[in-house]
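The same chain A turns up in both complexes below, where it pairs with chain B and then with chain C.
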Partner chain A sequence: MQNLGYVFAILGGALAAALAGVGSAIGVGRAGRAAAGVVSEDPSKFGKVLILQILPGTQGLYGFLIAFLLFVQIGVIGGDLQALSTAKGLMYFGACMPMAIGGLVSAIQQGNTAVAGVNVVAKRPEESGKAIIFAAMVETYAVIALLISILAIFSITGLSL
Partner chain B sequence: MHETDYTFAVARIRANETKLLSPAQLSQLIAAADAAEVRRLLADRGWRMPEAGEPIDPAEAAMADAWALIEACAPDPALPAALAVGNDFTNLKAAIKCVFSDLDPAGYYVAPALTDPDVLTKAITEAEFSLLPDHLQAPAQAAYRAIAELHSGQKAELILDKAALETRTDFAAKSGSALLQRITALTVLLANLKIALRCRRMGKSDEFALDAMAAGDPDPAALYAACRDPKSAAEYLASTPYAYLADAAGESFTALEKAGDNAIVAMLQDVKYEIFGPDPLVAYFYAKVAETKNARIILSAKAAGVPAQSIAERVREIYV
Partner chain C sequence: MAKLPMKYVEIAAPLSESKEIFDYLQMLSVIELTGTEEVDGLSRLSAGRTPSQFEKYRTAAGDALRILDEYAPEKKGLLAGLAPLPELTFAEYLKKSDEADGLLGVCYDICGAERTITQARAAIARLEAARTGLEPWLGLDVPMKFSGTKQTAAMVGTLPGDYTAQTLTEALLAQTEAAVAVEVVSHGKERSCIFAVCEKAEEEAVFAALRTLGFAFVSDPTKHPPQVRYERYGKEIEQHRQEIGEAKAQIEALADKRRDLEFVYDYFSIRHEKYDALQMISTSGSAVVISGYVAEKRVEKMTEQLESRFTVAVAVSDPPEDADVPVLLENNGFAGAVEGITKMYAMPGKEDVDPNPVMCFFYYIFFGIMLSDAGYGLLMVLGTLFAKLKFKPTGNLKKTVDMYFYCGIATVFWGTLFGSWFGDIIPQVAKQFFDKDVGSLALWFEPVTDPMKLMLFSFLFGIIHLFVGLGVSFYNMWRQGNKVGAICDVIPVYLFVTGLAPLGASIVIDVPPAILSAGKWLLIAGTVLIVLTAGRSSKNIIGKFGLGLYGLYNTASGWLSDILSYSRLLALGLCTGVIASVINTLALIPSSKPVKLALLIPVFIFGHTVNMAINLIGTYVHTNRLQYVEFFSKFYEGGGRSFTPLHTNTKYFNLKED
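Take a look at the complex of A and B:
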C-alpha cells in the first residue's frame, strides 16, 4: 500500500499519453484517408491536405509531454524516487485527466473537422486557408487541457501532503 | 459498415463533383447554336466524344466512368449492388422480349448491371433460370411463363416492373444508405401512383391494379382506393409526406415525372455537405444519371432543331 501514490500517478501519466495518442491516431487516420481520396484524383493538392491531416496529431504530443513532465516531477525519470503519498498520487492522477480526456475527444473531433476541410479543398482549393482555420479552432480545447494539466502538476509538486 | 469507412470514398467523390456540369454550364449547353456546339462544350468539360464513325454514346461513356469510380471506391459492395440492381430487371425484360421476337438482345442491354448480359441471354434462351442470381430467378420464370403460356407481354412486363421495385427496396435497405432508401420509396410511390391512375382510366379491374402495384409506403391498397382520378390523387397526396407531388399529380404524368426527378435532386442536396457514410456516393450516382439524361435531352433536341426555351422546360434540376 505504501507505493499506491506512485501507482495512481503513473496510471494518470500513462492515460494522458495513451488516450490523447489514441485520439490523435484516430483523427490523423481519418483525415489521412480523406486526404488520400483527394490526392488520388488530384495529386497537386497534396500540400494543402497534408496540413489538415497533421493537425489532429498534436494531442498525442501534448499527452506525451504531460506524462514526461509528471514522471520527471515524481522521479520516475531521473532516478530520484521519493515517497509519494496516496493523496498526492491521486491528485497527480486527477491532474492528468484534462489532457487524457480532452486530448482524446478533441483529437477525434479535430480529425472530423479536418476531413470536412479536406472535402472543402477537394471542391474549392482556393479556400484551403479557411478549412485549416476551422480545424485549428478545435485545437483551442486541447491547448486549454494541456495548460490545466501542466499547472496542476506543478502546483501539486509544491504541496506537502 | 461504419460511416467513417467511407471517408476515402467521399473525398474522391467530392473531388469528382467539380467535374459535374454546373447550372451555368447547363444553360450554356441549352443556348448552344446546334448539336455540334453542345458536343464541343461537353468535350471541353472532359466528356469523351466519338471520332467520326466511332460507336460511342457520350452520355453512356460518361456514366460508365462515373460507375467505375463508384465501384472502385465504395468499401461495401452492397452499395453499388443496390444502385445497379434495377438495371438487371431492365436487361431481363430486354432478354425475354428479344428471345421471343428472335432478336439479338445485346443492343438493348443497359449498364451498370449486376448480372453479366451473356449469362442473362443464355439463361433466357435455354430457359435455364438457375443460371440467374437469386433475385432474378422467380421473376424471370414468371415473366417467361406469362409470354410462353399466356402470350401476354403486358403481364410479363408488370411482373418484372413490380419485382424490380421490390428488389430495389430490399437492396436499398441492405445498402446502409438512408438517402437511397428515401429515393427508392419515392420511386415506388410514383410507379404505384401511375399504375393506379392508368388502371382507373383504362377501366382495369381492382385486382389487376393491385396485383401490379409494388409493396411500399403508402400502402398500395390505400393509394389505389384514394386515387380515382388525377384530382383525387392530388388531394390524397396533399395529406401524405409526399404533398410536394400533389400539384403535379393533378396535372399530367409528364409533370409528375419531372416533379419526382426534382424531388430526388432536392434529397441529394440534403447530403451535399456530408463527410462520412454512403449517401454522398448515392448522391453522385444520381447526379450523374440526371446529368447524362440532360445531356441526351439537349443533344437530341438540338439535332431536331427544338428551340432553347422548350429544351429548358424538359431538362431536370441538377445537384451541383
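Take a look at the complex of A and C:
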C-alpha cells in the first residue's frame, strides 16, 4: 500500500491526458467532417476551415502537458522516484481534474462551435476571422483549467506531506 | 496617423468628356461614389444591358484561363502568391485595350476546343457502351434485321436464361411440333442470344413457342452483320480520340496567350465595374455630375490632376452631419500592420478613433509572451524577411507579413528573457553530448521555475492594457464634450483597480505594508466615487444610490474577470515552452550518442514544426481575443463602413499612373 500515492497521481495524469484527448478527438472530428463538406464544394477554402478544425485540438495538447508535467514532478519520467504519500498522490489526482473534465467538455463544445464556424466560412468566407473568435471563446475555459492544474501541481510539489 | 478625414466632392463636367474622366478617376481610385440626389433637370445615367454584357465577356476569359490551367498548367512556386502583381501604366493599358475585343476570339476558341473535347468524350462513352452491347452478337454472320428467305422465316433475339442449341431445341419441342433450327450466338447466365429458322408456314407457331420462353427481338437491330457495325463504331471512337488530341493541341498552342487572356479578364472586370458605377452619375443631357467621398489630403491633388486634363468644375464640401461617411485608415508601417486585425472586428465607427496605433504595441508584446520561444520567433523573423525581400509584397499582404515580422521580433525578445530557444535544446545538448552544464539561458527568469511570478506580471500587463483602453475612452468622451462622463466613468475606476491590485497580489506574494495601506485608501476612494457617480443618470436619491451600488458590482466583477483573462499569457507561454522541452527530452532518450543524434534530428525538425504551427494558431487567436474582448470593450464602438473607391478591381495586373 505504500505506493498508493503513485497510483493516484498516475491515474490523475492519465485521466487528464485521456479525457482531454477524447474531447479533442470528438471536437476535431466533428469540425473536420463539416470542413470536408465545405472543401468538396470549394477547395480554395481549405486553409480557412483547417484552422477552425484544429482549434478544438488544443485541449488534447493541454491534457498531455499536464500529464507530462506531473510525471516529471513525481519522477515517473526522468527516473528520479521518491516516496509519495497517499495524501499527496490524491492531491495530484485532484489537481489533474480541472484539465481532465474542463478539457473534455470544452473540446466537444468548441468542436460544435467550430462546426458552426465552418458553416459561416461556407457562406461568407470573408468573415472567417469572426468564426475563429467564436470558437476561441470556448477555449478560454480550457486555458483556465490548464492554468489551475499547472499551478496546483507546482504548489503541491512544494508541500511536505 | 489615423482615420483620414473625408470630404464630399462634386465634379461637374461636359458629357462629351465624361468617359475619359471616369476612366481616369477609376485609375486614381481615390473617390467612393455616392449617387447624387434626384434634382430637377438631373437624371441618372442608365447603363442598360452593358454591365451584364461585360460580365459575360469576363466569364468567357475566366473560363478560358481555367481551361488553360487544366490542359497547359503553368509552373508556379508555392509562395508566388506573395509577389505583387505586374504593373501596367495607364497609357499601356489604353493601348492594349484595343486588342481586347480581338483577344476575346481566342477565349472563345479555347472554350470551343474544350466543348469539342467534352462532346467527343461523351460520344466515346456512348459508342463504347454500344460496342459492349454488340459484343454478344459478333458471332452472327447475318444482319440482325434478317427475317428470312422466301420459304423460311428467321428470328433474331434474346431469351432469358442460359441455353445451348440442344437445350433450346428441347425446350421448343415441348412447346410446338414445328421444325425449328436454332443457333445460339452467345449465352450467359442471364441471357442467350439466339437465331432461329423455320418454314414460313410455321412462323406463327414457332414465334408463339419462343414467346412463351420469353423471346424478345433486339431493340436496335443492324442492317449488316453485327461485326460491320462493331467495326464502324470502333473507327468513330478513333476519330473522336483524334478530335480530342487536336483540340488539346489547339489549347496548348494558345497557352502562350495566357498573359493576354489575363489582361482581357481584368480589362472586362474594369469595364464591368465602371459601367456598374456609371449608374451613380447624374446627367442633365449635356453635362454630368459625379459625386462622392475623397480623403481630405487627396482632394487637392485630385482636383489639380483633373483640372489639368479635362474641363471640369470641382466643388468640395464637408460631409453632412448625418451622412454615412466611409472610413479609410492610414498608419505607419508599425501600426498599420495590425489594421487587418481591427478590420476583422469592425471598422471604426463615426465617434471612434483609429485603435491601431495604441493596439499594435500591445499586440506584438502579447503575441511574444504567448509564443515565448526565441527560436520560433527567429524563424518567424527570417521567414517574413525572406518573403519581404524576395517577393516585395504590397497592400494588405505586406501588412500581414509585417505583422508577423514584428510579432517575431517580440517573440525573440520574450524568448530571450525567458531563456527558451527551441525549448531547452541548448542546455540539453550541452549536457547530453558534451557533459557541460550551461545553466539557465534566461535573461530574466524561466516561467516554469516560477509560474506565480509570470502570472502576476501577466495581470500587471493586463491592467496596463485595460488602463490604456480606458484612457482612450476618457479621450473620446472629453473630445465629444462629455467632460463629466469622462471624469466620473474613468477616474474612479483607475483608483479602484490601482488600489485593489496590491491587495490581490498580497495573497500570493509579500507586498510592502506602505503600498498595501496606500492601496487600501485608493480602493476606498474609488469605491466611494463609483457609488456616488455611477447612478448620476437616475433622478431620485434612492435610484442614484441603487444604481451606484450596481455600478460598483459591475466594475468589480467586470474588471476582475477582464484581468484574470490575462492569465492566458502565462498559460500559453508555458504550453509552448514545456511542449518544446518534451520534444527535446523524447529525442534524447537513447543512451548511445550516435543513436541519440540520429533520433534528435528528425524528431527535432518534425516536433518543433508541429509545436510551432499549433502554438502560432493558438497565440494568434488569443492575442486577437485580448484585443477584441478585453481591450475594445473599454472604448471601441466599431460599425464603420470601409472606404471602397471606384477602382480597377484587377486580378492579374496593377494599373499605374504614367
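The criterion applied here is as follows: the second predicted complex is superposed on the first by the 161 of 161 C-alpha atoms of A that agree within 3 Å, B and C clash if a C-alpha of one lies under 4 Å from a C-alpha of the other, contacts with A are read in each partner's own complex, and residues count from 1 in each chain.
Methods note: contacts are C-beta pairs under 8 Å (C-beta built on N, C-alpha and C of every residue); 3 or more make two chains touch, one makes a residue touch a chain.
Computed from a predicted model, the values in this text were never measured in an experiment.
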Simultaneous placement of chain C and chain B on chain A, clash or fit: fit
First (chain B), second (chain C), both or neither touched by A:G13: neither
Touched partner set for A:G23, first chain B, second chain C, both or neither: neither
Vertex chain A; arms to chain B and chain C (CA centroids, nearest 10 degrees): 50
Which of chain B and chain C A:N119 touches, first, second, both or neither: first
Which of chain B and chain C A:G129 touches, first, second, both or neither: second
Partner chain in contact with A:P98 - chain B first, chain C second, else both or neither: neither
Touched partner set for A:G63, first chain B, second chain C, both or neither: neither
Contacts of A:A34 with chain B and chain C, given as first, second, both or neither: first
Chain B versus chain C as contact partner of A:D42, first or second or both or neither: first
Superposed model, chain A: greater residue contact from chain B or chain C: C
Least Cα gap, in Å, left between chain B and chain C after the two complexes are fitted on chain A: 9
Interfacial residue positions of chain B with respect to chain A in the complex: 4, 7-18, 73, 273, 275-276
Complex contacts: residues of chain A adjacent to chain C: 51, 54-55, 57-58, 61-62, 64-65, 68-69, 77, 129-130, 132-133, 136-137, 139-140, 143-144, 146-147, 150-151, 154
Residue numbers on chain A that touch chain B, as the complex places them: 30, 33-38, 40-42, 112, 115-116, 118-119, 122-123
Residue numbers on chain C that touch chain A, as the complex places them: 344, 451-452, 455, 564-565, 567-568, 570-572, 574-575, 578-579, 582, 585, 614, 617-618, 621-622, 624-625, 628-629
